[in-house]
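Let me give you the structure first, and then I'll get to my questions.
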Amino acid sequence: MKLVTAVIKPFKLDDVRESLSEIGVQGITVTEVKGFGRQKGHTELYRGAEYVVDFLPKVKLETVVADDRVEQVIEAITNAANTGKIGDGKIFVSPIEQIIRIRTGETGAEAV
Amino acid sequence: METPIFELQYALDTFYFLVCGALVMWMAAGFAMLEAGLVRAKNTTEILTKNIALFAVACIMYMAVGYELMYDKGLGMFLSGIMGDGVAGAAAEEKASYAPSADFFFQVVFVATAMSIVSGAVAERMKLWSFLLFAVVLTAVIYPVEGSWTWGGMDVFGLYNLGDLGFSDFAGSGIVHMAGAAAALAGVLLLGARKGKYNAQGQVVAIPGANLPMATLGTFILWMGWFGFNGGSVLATASVDSANSVAVVFMNTNMAAAGGLVGALLAARLLYGKADLTMVLNGVLAGLVVITAEPSTPTPLLATLFGLVAGVLVVFSIIGLDKLKIDDPVGAISVHGVVGLLGLLLVPVTNDNASLLGQIIGAVTIFTWVFVSSLAVWALIKATLGIRVSAAEEYQGGDLSECGMEAYPEFMSQ
Amino acid sequence: METPIFELQYALDTFYFLVCGALVMWMAAGFAMLEAGLVRAKNTTEILTKNIALFAVACIMYMAVGYELMYDKGLGMFLSGIMGDGVAGAAAEEKASYAPSADFFFQVVFVATAMSIVSGAVAERMKLWSFLLFAVVLTAVIYPVEGSWTWGGMDVFGLYNLGDLGFSDFAGSGIVHMAGAAAALAGVLLLGARKGKYNAQGQVVAIPGANLPMATLGTFILWMGWFGFNGGSVLATASVDSANSVAVVFMNTNMAAAGGLVGALLAARLLYGKADLTMVLNGVLAGLVVITAEPSTPTPLLATLFGLVAGVLVVFSIIGLDKLKIDDPVGAISVHGVVGLLGLLLVPVTNDNASLLGQIIGAVTIFTWVFVSSLAVWALIKATLGIRVSAAEEYQGGDLSECGMEAYPEFMSQ
Amino acid sequence: METPIFELQYALDTFYFLVCGALVMWMAAGFAMLEAGLVRAKNTTEILTKNIALFAVACIMYMAVGYELMYDKGLGMFLSGIMGDGVAGAAAEEKASYAPSADFFFQVVFVATAMSIVSGAVAERMKLWSFLLFAVVLTAVIYPVEGSWTWGGMDVFGLYNLGDLGFSDFAGSGIVHMAGAAAALAGVLLLGARKGKYNAQGQVVAIPGANLPMATLGTFILWMGWFGFNGGSVLATASVDSANSVAVVFMNTNMAAAGGLVGALLAARLLYGKADLTMVLNGVLAGLVVITAEPSTPTPLLATLFGLVAGVLVVFSIIGLDKLKIDDPVGAISVHGVVGLLGLLLVPVTNDNASLLGQIIGAVTIFTWVFVSSLAVWALIKATLGIRVSAAEEYQGGDLSECGMEAYPEFMSQ
Amino acid sequence: MKLVTAVIKPFKLDDVRESLSEIGVQGITVTEVKGFGRQKGHTELYRGAEYVVDFLPKVKLETVVADDRVEQVIEAITNAANTGKIGDGKIFVSPIEQIIRIRTGETGAEAV
Amino acid sequence: MKLVTAVIKPFKLDDVRESLSEIGVQGITVTEVKGFGRQKGHTELYRGAEYVVDFLPKVKLETVVADDRVEQVIEAITNAANTGKIGDGKIFVSPIEQIIRIRTGETGAEAV
């Protein structure tokens, strides 16, 4: 079981979600985040004073999938989220040791 | 006893005062919304509390002390004699052609306006109760004393008479607005800037207001209320002459606001390349303040131009005060003080009864009195109760520390 | 045919009614904003819908049924005869010195006020359509019937006449405000508290309002509109006497609001150590409600003191009702009911034409009628359509279940 | 020189104009709040800026050019002669029974109303400066020209005279509202829909407004301001006849709004099963627009019914325009255009001086002129400055790209 | 050391927090998230147009605990968060290699 | 590759971000969270009724770095976020098995 975490541009969320459901991923958890990276923020003026918006709005998407699906998921996300411009984001994969569905108590692959 | 014609004049003038007074009362809501929109979310409940509470304080203190101090009408303790009619004269001799309580109602809302100016400038760091204590003194004494020298017609400490010197301030660019700004300036100087407003490198850091629709609503409310403020200051409407004058005042007040808006919009556009809404709002107010000293004599074109100049000036004034590290979250000192002074100085351009010298002496007199007495009061409060919240409270916001409740408790903030 | 003087009096009185009526109409916006600010975000669209829709319902039902029921003017079906002039008398005999349609316009906005009081108390859990159905009955029948006994001058079920007993309620502390609160109380008792308001240990749990600037704006709107509410209730302004009376009413209305604010502010400060803005807002309204029964006879000092007492009382009343587990999200029952009663009882202090006994009988009559008839109507609706949303809908919020749209769809909530 | 009676009539009529004018000015705040509530958070600062700035532009251009063009009063450059009194006549011959500057004040706020209608329809995608440029032309020329054919009484290009043909539009259902909608429609056609409004499958996608309390407040403000809009259009109040007429207008304006609300509420309930608040708000405005063409002759029942029909129509019109992919974020074209036309066509039902043919010719004349000239101006601006922000700016929102500041900078959005 | 992550229904947060503190869990970090899963969103109408709310508000709860407490924690969460209806959410367990308390610099078990 | 997660006091975010960029960390993802821990919330009064604000606003900061930089990152965060008062927060380190830059498809160390 792996946790695939992707930090993407917010307006790509719908596309990514669709391509994930096309390949059969059923569960996703999404969080609004702010990103700092190579892509820089912008400076605004407010009443003559500078106002640096140095973070960028991003969306973090987490999905736990079986080990053998990881590559497919990465590909789906990469294809859907890619704009070719700086700030497209990252995908991280990390291990999950256990997974439980609260409603039924099912565990492991059944629970995904 | 009175002729039917007189009865009608009396009734119409009284009604006109009451309608104008209600519009000026409404300005209190305008200041509250403007300031609530221009502070950060965490100080919103507190600034709302200050704004609505100061209005009540102003009404009570002006009834208890201020009105008699300013006009010396002999109405007795707590204006107990004010419920008679203007025809008979309150405590005899002076007769008015409208109800005395309508006059009080119209005057009392002006006091609140002066105090509202202060709340914006000291926002986001001044203690609530110290602020209200100052409000008690300003509305009971400081404002009425300078009011007695101007609209009250009395001599300045028995020394000279502003009216005789050719001082003229129709509806209070100086008497109300610059006075409020002077009190605010004194407070800000003793209070210091908000934490984080000027960074280690000495640069100005922007602290954006949390709710611009509220700030815009507040400006619209003030724009509307100002028709009562200036229009009511003609003090009569029940004749062809006075009706014309009131109409001209409405028209010019509106044109000056429009001019102020355009001036600030263009200045902000040229300086920053963007249409800074908060500057636009300040521009509207600048136009309104500048015309307040004399809205009855300029042509509509001139009123527009005066507004335009005020709108440009206010932008530079705000930037300039920031450079001086005078931190005024809503721009009140620029809008009401700097532009209020400009308004006074422009009076002689269209009103032959005013002299530039008189205007200058008047402005200096008002400013000196209000600034010095306010400074003394603020200093006294500072030495006793303190005027500034603690650093921790400032970080957390006045809403929790002073009022115990957030303005927008359910919304996540960044 | 009429003398020019009469024409002018007629015109001025009519205009005065219309201006006051527009101000009272504006109070509907005040209630809407106050309530929208004091409920949770998830019930905001729904309370806005209720508030604006009830205004329309009140206007239509009062035109169709209520006005004739209350005043018996013989204006025919749907007031078809109301477009004549007051001079000629509508359906003969009774002549008025102002336009009949101005009278209707001024009266109709009062009905809406009574109904607005209800919406706040039953907020966050009552079904929209059941609420509107109740509004139909209250504005068509329940309010007009008690109005006919008081302002309409008719006998109570042919038994006794309140006017003869020395009952006096200038602008409706009892007839409008306490009546609204009685209807609200009946609804709340059948409806029960919001889920989560009282926890398992029986303690009161706070459910903070989502948008305090809105609530403050609503209070300012009500403050302004109340000048029309009380000022218009003098019913004439075109003479020295009536003009004086209107002016006194404006002044006292304002002073009572100021007093109420200070009373609630100090009470909250002493009780909780913080300046609770929501209590301050209720204090303003308490001051306004208490003076409504008689704003023309107290001195300004007395008006302030009456307001002060009302402001303190409202704080304790709100806490007390909560102890009794009567859940009223905006404090409407305390503000309009408890303080409305106080207002009635204070009338004889300054008005010799009113007797304490008359006031008590009047209050009991109004309360009993409105409470009992409302209880019957609520019970009927409960038994048929139901009055309370399901638990799931309550959890999710009325915005989605009743209106299908959120009030702040883009903002994250905690 | 004048008789005391005349002086009083003059004063009362002038005051009445000023009060009504202030109420209409207040409508600018209503449009600003309504539109700010119905757009997304990211376009809020920008729509506020447009709304307040267009008011200033309208005032200045109408003073500079429009008023003379429309009424040909001979007041000279920039109305330099307007400060005299109506008794003497401005530039002789034409005498008015009230202050000329009050007339200008009342007229100027109407121009702003027409322009406010446009801002809502083109919201969320039009460039700020291009919009303001259009505002200059509309308020200086396009509106005054059609105004001169109607209220100004002049011949349409010297060909025919609408008044002679039996055209009647009391307060401007056609002259102000439908005209504004025609200009808006021309703009929307050249501008296209907001990105994402219609999806690949051609379906309509909902784009919910960000702040419904603001939108509701805006509607209440408009409702209140409309009393000035229609009530002031009687143009006199200082006699029994005119006072009655003003009173009837107030009453009917209110009843039509109530009817419009109920119509839209029921239509939305039947169509969607939910009480769509935004439709309810549009229903109120539809009721107000429909009665504007003739509020003085219908009975209150008829006014309610006209409103009801308008409220139902507006729901279907909004859905219909969406089907045609005419993207109007606030429903302005339906409310002011479609219902404005209905208002014109209903006039002959109650007003014998109007003919259906005259109404149709008038509607076609106004629509054609405004639509065609606006289309030309929009096209010219499109070809030069451009009218639409870039796709990236649209995605990011007008607040940052045009104004450089967010409306709610501290709140997290979904 | 393990990180136990639970995605639950928002109105269950208080219950879950209480049962966790009953078994002695001291630290929890909570995030508002949106969930996509088997439980479907709903369709609303706005001015006659459809408006799909396809994500559901959920709460993500993270707590780092010693390995031997994981089972207990899972049980506490499952019991408190279970409503038996679809959308009750998931629990994921993943490894944590190091933990530091910023205030004191303590690490490992001391730092939890 | 490791994921370093820090839960800190919100007003320390700028300081932490600066010290991280000083040591060359380029990418950070930040989330607003609520914390429950030893530091207690506060009780407010609203209209006479109690109102317990039992969570505290915190900021969660996540950065994925090469294994050999973990110690340095922990030190930077600890120094910048430390106020010595309760509630300063925690740092957790967990394994990351794979990392992909969406824009370029780069993986591993290149992608950080």
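Think of it as A, B, C, D, E and F in the order they're written, each chain with its own count starting at 1.
Everything below uses one rule, namely that contacts are C-beta pairs under 8 Å (C-beta built on N, C-alpha and C of every residue); 3 or more make two chains touch, one makes a residue touch a chain.
Chain labels with UniProt names: A, E, F = P-II family nitrogen regulator; B, C, D = Ammonium transporter.
Fair warning: this is a prediction, and the values are worked out from it, not measured in the lab.
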| item | value |
| --- | --- |
| Touching both subunit B (Ammonium transporter) and subunit D (Ammonium transporter) (chains) | A, C |
| Interface sides of subunit A and subunit F: same vs different residues, half threshold | different |
| B-F or A-B, whichever has more C-beta pairs in contact | A-B |
| Centroid spacing, where centroids are CA-atom means, of subunit E and subunit F in whole angstrom | 18 |
| Centroid distance [mean C-alpha coordinates] between subunit E and subunit C (Ammonium transporter), Å | 47 |
| Centre-to-centre distance between subunit E and subunit D (Ammonium transporter) (centres being mean Cα positions), rounded to whole Å | 52 |
| Between subunit D (Ammonium transporter) and subunit C (Ammonium transporter), distance of the C-alpha-averaged centres to the nearest whole Å | 32 |
| Of all residues in subunit A, the ones touching two or more other chains | 31-32, 34, 44-46, 51, 94-95 |
| Contacts with two or more other chains, residues of subunit B (Ammonium transporter) listed in rising order | 5, 8, 12, 19, 208, 211, 217, 272, 274, 276, 278, 404-405, 408, 411-412, 414 |
| All touching chain pairs, where touch follows the definition stated at the start | A-B, A-D, A-E, A-F, B-C, B-D, B-F, C-D, C-E, C-F, D-E, E-F |
| Residues of subunit A defined as touching subunit E within the complex | 3, 17, 26-31, 64, 94-103, 105, 111 |
| Sites on subunit D (Ammonium transporter) touched by subunit C (Ammonium transporter) in the complex | 5, 8-9, 12, 16, 19, 23, 40-41, 208-213, 216-217, 219-221, 223-224, 227, 231, 237-244, 246-248, 250-251, 254-255, 257-259, 261-262, 265, 272-278, 280-281, 284, 299-301, 304, 408, 411-414 |
| Partner subunit D (Ammonium transporter), residues of subunit E touching it in the complex | 34, 44-51 |
| For the subunit C (Ammonium transporter) and subunit F complex, residues of the former touching the latter | 203-208, 271-272, 274, 276, 278-279, 315, 318-319, 322, 331, 414 |
| Subunit C (Ammonium transporter) residues within the subunit E interface of the complex | 395, 400, 404-405, 412, 414 |
